[in-house]
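Here chain A shows up in two complexes: once beside chain B, once beside chain C.
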Partner chain A sequence: MTAAAAPRLPAILGTIRPRPRGRETRLLLLVGLTILVGSVSLELAGRVTDPGESAGLSPANPTHLAIYLGLIALAHVALILSGRRVDQILLPATAMLGGISLLLMERLPQSQVVQTVGPWKLGLGDIQLAWLVLSFGLATVLAITVRNDRWLRLYKYTWAAAGVALLLATYLLGDDINGQRLSLSLGPISGQPAELLKVILVVFLAGYLSEYRPLLVEESTKVGPISLPPVPFLAPMAAMWAIALGLVVVQRDLGAALLFFTVFLFLLYAATGRLGYVVLGVLLFLAGSWVMYHLVHTVQTRVDIWLDPFASPTGDGYQIVQALYAFARGGLLGTGLGAGLPTVGGRLPIPAVHTDFPLAALGEELGMVGVMAILGLFLVVVERGLRIAASAADEFRALLAAGLALVIGTQALIIVAGNLKLIPLTGITLPFVSYGGSSLLVNGIIVGLLLALSDRGVEPPPPPRQPSRFARLTGRVTRPETPAAARAPLPPAAPLQPGGTEG
Partner chain B sequence: MDPFLVTVWVVRLLFLGLLYLFLFRIARALVGDLRAAAREPGAELGRLVVVASPGGEPVEGSSLPLDAIATIGRDVNNAIVVDDQFVSAEHAILTFRGRAWYAEDLGSTNGTFVNGAPVEGVVPLGFGDVVQVGQVKLRLERPRPPTRR
Partner chain C sequence: MTGATGTRSKPLGRTIGHVGLALTLAFAGLALGAGYWQVLRSPELTRAPDNPAVIAAARNVVRGPIVDRDGKVLASNRRNPDTGEPYRVYPHRAFSTVIGYASQDFGNAGLERSWNAELTGLSGGDAIGDLLRKFQADPYDPRKLTLGLSTALQRAAVAGLGDDRGAVVMLDPATGEVLALASTPTYDSSAIANPTTSRDAFAAVRDSAAKPLLTRATQGRYVPGSVFKIVTAIAGLGSGRITPSTTFPQQPRAERDGLLVSGFRVREHPGVPAETFDLADATEWSSNIWYALAGLRTGGDNLAAFAGRMGFGSQLAFDLPTVASQVTNGDGNEPGGFTDDVELANASYGQAETVVTPLQMALVAATVANDGALMRPHLVIATAGRDGSRSIAPEQAGVVFSPDDAAALTEAMRRAVESDIGRQFTSGADVPGIAVAGKSGTAELGGTGAPHSWFIGFAPVDQPRVAIAVIVERGGRGGARAAPLAGDLLALYFQTFGR
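Showing the complex of A and B:
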């Protein structure tokens, strides 16, 4: 074969130069081993309990595990072949979370979710496996193909508009489930657009904050002893606040509202390093919460349940009370995978355990030790994200990476704290663990983008943008009024003179 | 003691043990990364990447780590020496004050430009901004982190 006949890849992939990823290989082997032992544990638990009790327990399906682990191995090989120097810890950490999720979904009663696709009748485990496969597939494709960030950076307002459109579409065309209008059906496919909105929000905030950071840092308006941001820049904070409140009032989506606002404050602090903004944001949040508590019935119910779930242990407080019992039964080491109570008689003591309370089920079966390990995995994901942010080439990429990681971390924090009755319960998913297609896909996108951003060999950031309206508004930064001036080889209007020695 | 029950519990504890072994391996990798970061002498605050340099000094494409105060000019006593006939001996100064970078022109003959706009007084710089002195263009980038590899 001559050199000219050597296989050529599409331009987007560049030439193949495989690069070994030893650390990732070792960690993934450990993931595979752990998940296999977990499935054995699940299998044995099925034999231990007497047949009457384990009616609802479905044994782990070895084919499912093989498919899942095979896919992770495939993703690993693809990353090696791509030759990109991307992070080696993110994939094993999330693969472990996904594996635990698969074990849990295999183990819960399959009748929780049943969908018929063609000739097949799919249960909870089947569907979760399908979404996990799609999610990690998407992450790998993004990690390999995303070579520049222009499509995110330059169109931040377009992305923001798309996000708002998505929200409006959900409101106008969405389906009501449990009094919340969150999902949008498009033919046979239905999804929760609010999930995608998380990513769009981070992209927009990263673009906005990186552009105006110097001004946000420098300027301030004094109100008494507190120094506030300059008035024009208060607008985005007010807008975020309004969107969060709007989500609560219109969609009854407390979880998303809390998540969005928290991530916004995190990013604002990350970009400016000013505590004043955070204090202001928290005050706004408290004021908003107080108003919402008195205005919106859902909020009031949630808070009342949180304050005293035992006031109606069989009514409103049932879910959280059962979750607390599950944690208590788990104790330190847990009852063992598959030996918990969530399946007694095929009936679920905790409603919606597969979406809102996976941690309670895991807490029962793996105990506090297991829950700590799962929290540790989320911590690892966040650490990697922040590390990628710290090593990014410019503001936009740093804020994007930090924001994406913080979305996962904050979401886990909110739902875990909700499950443990540390804060009022809000119905959002535990990233990578909960059942749910939209959530898994979006988490896949987040991991894919983080991996792509972690590669230092990506294209250098594009040159800064033309002067912005806000910058000119404040008059602090003078930039050329016409793009032509910036394109000229030597901007000064006056002819250049040799500098000489006079200085 | 039922041997089967013992096996079950051994497998259960093995699962938890493997979870922690996994976390431990990751933690070791992370600590290794942090150690490597700590070994790096004098954390830099930013760096300048040379975008265009017709004179050849500094070399185009090279990147220069910055201290908190970096003077730019043709004189050899500057932190960043620029060999260009349109650059003054002491041309401009970049300073890192607290949280952000600022650029200031030191009364040069041909002026200093940030993203094409002339610098008057002290101008805040963002990472990614391009500073131009004479014909030389320098892009301010975030400090490069130390890596293990």
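Showing the complex of A and C:
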């Protein structure tokens, strides 16, 4: 939040060297214009709709939009004043997604979510706006203040332990909602720890894979046509697999399990370049899925619904069938923002549309064209993240940036594919678009870290550490000269192509 | 374990590029998925009756009218003086089991349900047209439905069934246009559509033991009795296993002592002489023995296959929900799904596990009438909207058997109605001055109750213009209720539409 950045200004006023960010300025103007047009469309739809059938439509609140656009402008100014050379595309792309989300949450009936905080009674749009403000504020603060990565790099096992502890705490102390145990309450605040676990996982994997990359790359074990890394280094793969299955068994959280395992495989390939590991991982995944299908009732139900939702259009298949109807009603061009989602008896057609199916609502009102645009925005975010990774100063930063970008891309992929009935539906959020505080905050952290990582002027990474004793014992005993050889082509200073993408 | 060769790793930039490519390809898959649902499947899903857009439109849109073949109104609209919302009015109760109702509180039934999208005008049926309509001021274009039904015939059929439960189907064998589709009892569909009376009216109809919401003509499952012999004859002639002159030397003895099939004795009904018959004699006398022998010679596989060509074994494609008719329940291991020859012999004259709908039996009569070719039955013959009217063309469902065989069977069925012998069983089905072909049926249900009374037929014999099926539940012998009612309705047809 810029409010947090502002107090710093007087102290460092003398050292401020603003750096213009022309591309970001132009793109943000475009974003602002688009959101304004959207709100006008919403307003007009509210006027022409017969009040009798508009139970599902609430008009856009101009104050909310002003606050949101003002915040984005403040973030932009803060980045200019900070003088850092961070990426200029990520903020406009994510701000656009957040703006679309705000328009949708304004448009849905405000009674979907109601919370009372002190004297205020907050509706869906109010709460989403608050989380968006916090999320982009957090992103800006991280983008400006994070200048070294020691706190992430050196404590990967500590982070991993914290992640597991968080998971255990959720299991032991969490609240049951719809048969899933995903959220943890601390007094008045409740959140979904699995969201934070995404970032922790990427930090751990980036640390682990960058440290043991030379060893993982070597072929040591062959099972049939597949080359495996030295057996001890299979451990993280087995651990990841176990964590993913554990998530399914213990928390019934299929979405998070699928997300974690997919991101892990992507990163493993990025680090090693070995397709064999990915094949092995996919085989493990299929085996695990088969067992889960026969063991866990939730999995079986989800798969059966996916195979033929039209078999029970008013029962188990209701939600997805209604979502597909919404996509179909949208057609190529959509009904127009505010003109879709027909209500019958005052009920919205899709249950949990604000968390599980925002894309179905947008697909109806903005049409296939709108869906393409939203998918395109996600691809832009992923592309920027991977570009930041490819031009990072060392392997840890490269894998960290790639992992963070892949979390967003893969999560969007899984939930959109679920919404479109391409894979079984899992209850994860559409990044930046779905309603939900934990998800928005963690996405803010991801954007903030990506922005910070994109600055090529920050502290150089620390020199690589000696491989641990464990590694020396297991992998190096017979050929002690190899570690140096293996690391030789990877000096920390210039292992990768220079980026040169900043305008 | 194979020795490592100290492989050099690929640069991170390249592998990260690969990952980006993989994710991009996966996103392209998402785009294809969106295209599938939003373009390819869009017209069909947008018109689904349980699509909330269809339901929401139904509450506010003034539905298109429904008229009979002469333009007489069968469904119109009135406005609720309090809310201003429109509701349906149906002038003739006789059509309730066909048209159904459109109610805000209890949903839709009948044609109001199956043609809902067109009646509300939510969709015209093509994607481009739907796309363009988004830019019009009023996107809804409720369409008028013209039915092939004749109000005179429909009302006469319902009146003829009277207090009995039953069904009448009349259709044009050359086009498949349905002229009458009566099911009794009927109900007051206007009372269900009217929001002030709907609650009580719907509860009364739903809880009635007579099940008026069951459209007996398309959903009633009845034992056919002797009318099914026409199906056996079609299968025998069509497969070539019997000819019009086929006789069975063992028939005279079997008429006296019964026909022994695998230890079970098929008995004749009383009064049939102990002689050898050909097809026409057997149809005239309605001989169970001859048809059992014919069915056994035809074989279960042929019987099931030829019945299948006329629609048995699957739901008929129709404007209203239908249930499948069956020759056998198919759990046996003999050809065609029969358990053994006993079942086949009994099925051949319409007992055993044979179950039919009245619409299916009307199609059997229409197939014979139309030189062996079956036309797809349909109720709606035209729709009209802002963009003009579209008529629904006759469509051939298939050729069942040859015109020569159809002519031979027609002659047999003519004698069953017109000859002195035939008239013992089908009294009242003949129409003065018009040659009628047909077959009566008396479906024994076991127990002590009266049998179902059946008649199927068509007229005129030379150039058939109307085919008919009549069933009166517990109406007694075929000649007692069904045949006379069919005769009256055929006479009314020629009186209404000319000779």
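Going forward, the second predicted complex is superposed on the first by the 452 of 503 C-alpha atoms of A that agree within 3 Å, B and C clash if a C-alpha of one lies under 4 Å from a C-alpha of the other, contacts with A are read in each partner's own complex, and residues count from 1 in each chain.
Definition applied: contacts are C-beta pairs under 8 Å (C-beta built on N, C-alpha and C of every residue); 3 or more make two chains touch, one makes a residue touch a chain.
Predicted model only: the values in this text are computed from it and were never measured.
In the overlay built on the shared chain, the residue A:H297 is in contact with neither chain B nor chain C. When both complexes are overlaid on chain A, the residue A:L337 reaches chain B alone and has no touch with chain C. Using the contact criterion defined above for the overlaid structures, shared-chain residue A:T410 touches chain C, although it does not reach chain B.
Within the superposed three-chain model, A:R19 lies out of touch with both chain B and chain C [touch as defined at top]. Of the two partner chains, chain B is the only one touched by A:S41; chain C is not. Once the two complexes are overlaid on the shared chain, A:P92 sits against chain B while remaining clear of chain C. When both complexes are overlaid on chain A, the residue A:K121 reaches neither chain B nor chain C. Of the two partner chains, neither chain B nor chain C is touched by A:R150.
Overlap of the chain B and chain C interfaces on chain A: residues 213-214, 217-218, 272-273, 333, 367, 383, 390-391, 395, 398, 485-486, 490, 496-497. The touching residues of chain C, counted against chain A in their complex, run 1-2, 4-20, 22-24, 26-27, 29-31, 33-39, 41-42, 44-46, 48, 50-53, 55-57, 59-60, 127, 130-131, 134.
Of all residues in chain B, only 4-5, 7-9, 11-16, 18-23, 25-26, 29-30, 33, 49, 73-74, 84-91, 99-100, 106-111, 113-118, 120, 123-130, 132, 134-135, 139, 141-142, 144-145, 147, 149 touch chain A in the complex they form.
Those residues of chain A that touch chain C in the complex are listed here as 50, 52-53, 213-214, 217-222, 266, 269-273, 313-314, 322, 324-325, 327-333, 335, 342-344, 349, 363, 367-368, 371-372, 375, 378-379, 382-383, 386, 389-391, 395, 398-399, 402, 406, 409-410, 413, 416-417, 420-422, 482, 485-486, 489-490, 495-497. The touching residues of chain A, when paired with chain B in their complex, are 23, 26-27, 30-31, 33-34, 37-38, 40-41, 44-45, 47-48, 85, 88-89, 92-93, 96, 210-211, 213-215, 217-218, 272-273, 333-334, 336-337, 366-367, 369-370, 373, 376-377, 380, 383, 387, 390-396, 398, 456, 460-461, 463-464, 467, 476-480, 485-486, 490-492, 496-503.
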